[in-house]
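What follows is a pair of complexes built around chain A, which joins chain B in one and chain C in the other.
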Partner chain A sequence: MDPTRSKGAVLSIADLSIEYRTERGRLPVVRHATLDIDQQQSLGLVGESGSGKTTLAMGALRYLPENGRIVGGTVYLRGTDLASLSPAGLRHVWGDQVGIVYQNALGALNPSLTIGRQLREMGTLHLDLGKRDAYRLAREMLIKVAMPDPDTVLRRYPHQLSGGMLQRCVIAMALITEPSLLIMDEPTTALDVTTQAVVLDLVRELKREFQAAILYITHDLGVVARICDRIAVMYAGEIVETATTRELFKHPGHPYSLSLLGCMPHFDLAAEKRTLVTIPGSILSVDALPPGCIFAPRCRFAVGECEAAPPPLVEIGAGHSCACYRWQEVPPPEVDVREETRMIGTRGAGAAAGEVLLLADDVRVLLKASGRSLELRRQKARVHAVDGISALIRPGETLGLVGESGSGKTTFARAIVGLTRRSGGEVVLRGRRLERAVEKRPKDVVREIQMVFQNPDASLNPRHTVGEEIGRPLSLLRGVRGREREQLIGELLASVNLPRDFGSRYPGELSGGEKQRVAIARACAADPALILCDEPISSLDVSVQGTLMNLLMDRQAQAGISFLFISHDLSAVEHMSDSIAVMYLGRLMELGPTAEVMRPPFHPYTEALLSALPVPDIDVVQGEIRLGGTVPSATEVPTGCRFHTRCPRCLGELCVRQEPPWQAVGPSHWIYCHISAAELTAVQVSILDGRLGLDNKAASR
Partner chain B sequence: MTELAVERQAAPPEVRGVRLYWRRLRHRPVALVATIIFSIFLLLAVLGPWVTPYSPTYQNYEARLESPSLSHFFGTDRFGRDLFSRVLAGTRGVFVLCGLGAGMAFVVGTTAGLFSGYVGGFADEVIMRIFDVLLSVPSLLLAMVLIATVGPSKTNLVLVVGILYTPDVARVVRSVTLDLKTKEFVEAAKVRRETRRHILFREILPNALGPLMVEVAMRFSYAIFTVASLGFLGLGVQPPSPDWGLLINEAQPFVELAPWLVLFPAAAIALLVVSTSLMSDGLKEIGEPVRSGG
Partner chain C sequence: MMRFIVRRLGMVVLMFILVSMLIFGATQVLPGDVTTMVLGRFASQQAREALRTELGLDRPLPVQYGAWLGDFVRGNWGISVSMAGTDVRQMVFQRLLNSLKLALVGLLMFALPGIVLGVVAGIRRNSWLDNVLSIGSLAFIGLPEFVTGLLLMTLFALQLHWLPASSQVFAGTSFLGVLPKLILPGMTVALTSLAYVIRMTRASTVEVMKTDYLRTARLKGLPPHKVLFGHVLRNALLPTVTVIAVSIGWLVGGLIITESLFGYPGLGRLVLFAIQRRDLPLIQATTMLIVVINMLANLVADIIYAYLNPQIRY
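Take a look at the complex of A and B:
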């Protein structure tokens, strides 16, 4: 490969192929990847899990596990051919010229050394600085990554810092040698949205300040839209499209990119709900590659030609290349979304009649303080994880519950279903008061409320077949036995789009998405009126998330089931829900119909969540509000308004001393804030401003 | 609706059940050999009296203290009894005593461990502290005290072995239960109001079986030692039974004159104990749940 081609590029990867030797033979996990990143440029490497993103990034640096091998292609870092380097030379390059930020910041730091020591070692090892100079540099770096109180942080151990602060330390560590290339591998995936926003802002700042080229690996197009200049889309080991961020979002050339854009919820506040675009099938495994285009088996646009020979990566515009024969056929996303999705009437008949399915009245839950402090444990301190929550769910409707981790969302759901006993308040189902513990509730009540859990790997018993899992609620709660039971198991599997013969499989043989479908089928088997979905999609890939949301809405439309949909992802909650409850530190901050909650006036906390949300749309105008710190511990609930410590609109004395009132700002819309609705409306930005595509869509209906 | 299309390319049929375990076992030569040796012992225990060349109690005064030969593979003892026949005949006793003892520890320990771990709180404290007391006394000493109190019958030996190893089994089951009871499939069972018995024995126990089988097999091999030691001390099976411990005891005065009398029973004990524990190590890996690609 001609090195002059990559002149100016910091990292230039050409035609790189990587293999893993495994029991199943040689797996070509990365094939013919070509990428360039210029100075001060950030490139987002996007794709579903298993597409080979991390392998490509690490393999380019020749940093591979023992069974990995580069079988073709060249990599130049600042004009140096990495293949020509000795192992010692490579280590030198890794140390001096490359900074890496991993997803798990806690795992990337040594738990037994202070932050200061670890940062200092970077300076003494790679920059030949004396201890004192290295320490000074470490401190400077922490200031550059906007670390509050750097002197204290330097003396801390990793476990004493929050996730966001740790990630900042790791970023500081990666940048301390002023590397030419910074690789960030899903650095914000494990963080709360509010923290993620702060870290993303930081990355954007650093791009300006440092000379580094950034390779940003993520599955989240919303994140990419925020910080990346260019995007490379990867599928099953190949780069299928590279383009500038704007170009990719506006005119994607590859059907896979188009589907990725369509399967994420778009803020669309029309009263009718729509499905999401889905990608049929699952990512193919690299040991069984088709002769033609790798995406053809799942592609809506595929024709005979696609299955015959793999399409080459061709330039289809300035800086825009794409591996697809039919890129001209691929419509702009907003057209595609309109055509490929359908309206779905989930709103139950009972909703209009004002019926109430479930009423939670001033529900409180006391939990043992799980604090680190020995003091608290000795006192057997108890804290209100849920501190007086009232909400109602109508038949066939979805109530979305959103908030940062630690806000008590899950505890609230567990109190409703009776897994955790509430310490106060009432839960009323169709006029019947429910016992606190599920064991004491009569069978017909138990049948009515089911739950879908967050972790698909743990929610099915690994020793039971899928059929046993789904059949158990049938026989236990509905008394269905024998052939009828088998019949129903088949129907339930079909209702979650799984083939009937899955009944004899074990959970270990299923993918994450399939497991979660089985969990939904199991919840539906009881024929419940209400399903509590506790982050049911959070641990899954975006395309699978879309399919599952469609599935849940389909079940709702057909069986009239109500959902309590818990998520930290406001866009998913917005997409699924008829009403939204925003929760912070055990209390509701705002409650109302989805369309109203998503438009000003909103509670300052809702506002902060909305402006932190990574929206997969580049024209979106979002507020600049950022929340510092993390949710305070429930053992030290702030006085007055419990949000005042982090509230960007805090009024001072009033908010500190006095609990705010529940202001009614609409017929069924309340805000828990001192600031009047009119004042809030005046200062708040709607996330929907400037989204022309949506107005068009509304008009076309 | 596009997603109605079947979601998955036809997966290769997974090997399951016995065939899967056999396939996994084949790839672990040590465990395979250990299992074969263990199986031979087990077979001998079943066939016992029918395959011994002589009656284990037949005394031939013409052939006392003979060294190993073709007619007496392991030689003969001071009464002219064929040692090979006696060792073979002793196998059944070992399996019955230790098997029943370990079985008792399995049943009682599992139940106690499941209950203790799942319920927690005060009941857990009480049960586990009792077990701690049992564990704090050296096992052979405890066994001797118990046997000395109740007398050395076969039933008592089984009970003593059971009591001795129940705490170990219970601790293993309890720790697995503590981990499993917070799993979401257990929560899901609670949400449909399953009985505690169902949750313990149908949801948790099947997932604890892997470590549990390993533990029980380990305890079985320990029990062989304990029973042999008690036999050696004269507190186990009484003469003229061909118990391995007793055989060694009886051979004591002739160690210099007829060392094979000690050697062969000791070798039998060692071989069975080692093969049992190697087999149990293998069990741990073989018993893992089915995984795709595994």
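Take a look at the complex of A and C:
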């Protein structure tokens, strides 16, 4: 490799290959990776889990597990060959010249040391500062990352801080030595959307202030669109495409990049519900590499040539390289989405018919306070986790429920299905009032309402085969036995696109996406009218998320099942739902048909969620509304409007003292706010207008 | 932290009262009669009655319990029945002192090497040292005290003549004078616990080595010794330190076998003696003392744990 090439770049990785030695032999987990990052540039390293992103970054720093080894290639950091350094020299690079921000901030900080002690260490170690000076520097850095009350935070232990604050601490720690390279490994994945937006803003600002080059590892193209200049797409251990962010979003060269863009829901608010583009099959295992292109087995553009020899990474434009023979055939994403998806229904079809499947009327749930405070535990205080929620679900329709974590979404769903007893209100199914506890409900009611949980690892019994798991509701709720039962299990597996022989497998043998399909098949086995889906896709990879959303919508179209679709991801909710309910601290803030909820007037909370959302589209103009802090504890519900403590549009006294009214904005669209709909419309920006290239202010007037 | 300690102290007092009731109750239902023990089998009924009155045994049980507990708390532990005329408190305290000496020696012999070897094995997982220690500790972990004790005695006392086989000591000997006699029983005690401490420390060290925060510490560029002392130990030693603190109770009051084997005049042997002689005041005093020591050891363990682990403290 020509070292002159890497002179300008802060980080220059050329032809890097990394192997893991395992019982199965040597696994080439990273192969021939090449990338450069210049000063002040941010490069997004994008790929699904298992593609080798973190291994590439850590391997470049020569930080690998015992069984990992660099088998080829070079890494230059500011012109220094990292392979030439001694362990001590390498430790000087770590921390001093390279700062790292990790995915799980709570885990990345030592639980038994104060934040101050952990931040101070950077200064005493790399900058030759005394303890007091290092402490002062840590404090200054906390101020730079906009940490409220830095003096208190320095004295705190990690478990006493919220996720967003912890991530700020880790970012501050990484920046104390003013490193030339900052590696950020999924730094916002574990955070709420609203907190994520705040942290991303911070990263953008810091990028301007510190001249560091940033290597940003993520699976989320929406995040990349917001903060990265360039993107490298990684698949099964290889970088398959590198381009500027705009170029990659507008003219991707590699079919894998195109599919990644297509499998994420786009805000279109069209009246018709469409499927998402999906990638058939699953990510390649690196112990069985094909002789040709690694993506060919899943690629719809593949021809004979692709399977013969691996395509080289070639320059296909200025600063745009791609490893594909057929890059000229790859269409722009908008065209592809139009051609590759199909319509499976229209939004709000049930509303016209006027039927109601399920009605929740003023549902309340009291839970024991789980606060740390002794007083609360002593009084056995109970709090309203759900504080008077009314909503209705029509046959064959989806109601989306969004809100930050801690808003009570899951508790509401559990109260409907009867797993958590409601303390007040009614749940009515087709005119029948339902008992509070599922044990007291007649079998046919139990059969009608099923649930899919967030974590399929926990909701499938590891000692039951898939067939037993799906067969149980068949025999228990529908009385199906014998050969007919086997027949139905096979059909259900087929309906979630799993082969019939999966019936004899155990959950441990399945991937996360496959497990969640089994969970959906089990819910469908009862032949229900309503399935409550509690964050069913949150723990899965983007391409798998797309496949599962398609699957759910297909089941809806074919069996007429209604869904309550709970998610913190507004784009997924927008894609799936006929109507949307926005929930905050146990109460609804806005309820209405999807197209109306997603357009001004928004409830200020909906507006904040929308402007926080990382949209995988670089032309979108989003609002700059940011929410500080976290959802207050349900033990301390604010007076008046419970959102007023964080509301960017809070009017003052009125909102603090008085509960807002429910304003009817449309025939079935309500907003729980003191500000009138007309005023809200006047000041709010719509994501859609930005996409259509309209001037926002002109459009809203 | 203060509140935590006060709360735990309150629990200790409560436990103390409960346990004292149990001990009192147990000595009441113990077979055998004190008067027979003292006056012999052929004493007259009158003499027995007189003794009962003298000892206060004719009063109702709750009154007896109250008087007994009050006396105990005030330090009035009564007169030994079997060794007539000896003050129980004096006897017990002398033995306690001996036991504390042995406990200290034993503790030093297993806690320090156990922690060091465990941490080293945990850091160098799957190295030859780790393998040797794992196999070695597996071999020792099930061995009862009287087997290790006899082996050590045969080797060091009877074969090599390095150390005395009997640990008989007399009042008035200085600690240094007693020390040689403490080594063999100390080793016996240490060997049974050493394997346990090593395995425990190793397991928690391995856990800590796998954590994300250790990756953070190393990628900060910290040199290995700073990683070890600044980040690994505090978290890895948490379970071990508490186990060691709890084991103090056992070291002081529970070494009946080891003490008997070497003829060492510790608290454990005194309990045995008291039970064999049906010496009620002595039984009560020794068991109460052992209970108090155990409760204090647990309290210390809790406080250390809370001190090391801020997630408990706050």
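The rule is short, and it goes like this: the second predicted complex is superposed on the first by the 685 of 701 C-alpha atoms of A that agree within 3 Å, B and C clash if a C-alpha of one lies under 4 Å from a C-alpha of the other, contacts with A are read in each partner's own complex, and residues count from 1 in each chain.
Methods note: a residue touches a chain if its C-beta (ideal position, glycine included) is under 8 Å from a C-beta of that chain, and two chains touch if they have at least 3 such contacts.
Only a predicted model underlies this, so the values are computations on that prediction, with no experimental measurement involved.
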item: Partner chain(s) touched by A:89 [first = chain B, second = chain C, both, neither]; value: neither
item: Touching partner for A:441 - first (chain B), second (chain C), both, neither; value: first
item: Partner chain(s) touched by A:108 [first = chain B, second = chain C, both, neither]; value: second
item: Partner chain in contact with A:125 - chain B first, chain C second, else both or neither; value: second
item: Contacts of A:319 with chain B and chain C, given as first, second, both or neither; value: neither
item: Partner contacting more residues of chain A (chain B vs chain C); value: B
item: First (chain B), second (chain C), both or neither touched by A:345; value: neither
item: Chain B versus chain C as contact partner of A:514, first or second or both or neither; value: first
item: Chain B/chain C common contact set on chain A; value: none
item: Chain C contact footprint on chain A (complex, rising order); value: 61, 63, 88, 91-96, 98, 100, 102, 104, 107-114, 121-122, 125-126, 157, 159-160, 170, 173
item: For the chain A and chain B complex, residues of the former touching the latter; value: 24, 278, 280-282, 284, 288, 297, 300, 340, 417-419, 438-439, 441, 443, 446-447, 449-451, 453-455, 458-464, 472-473, 476-477, 497-499, 505-506, 508-511, 514, 519, 522, 526, 547, 550-551
item: Chain A partner contacts - residues on chain C that touch it in the complex; value: 211-213, 215-223, 226, 230-231, 234-235, 238, 308-311, 314
item: Chain B - residues contacting chain A, complex; value: 2-9, 11, 14, 183-185, 187-194, 203, 206-207, 209, 289-294
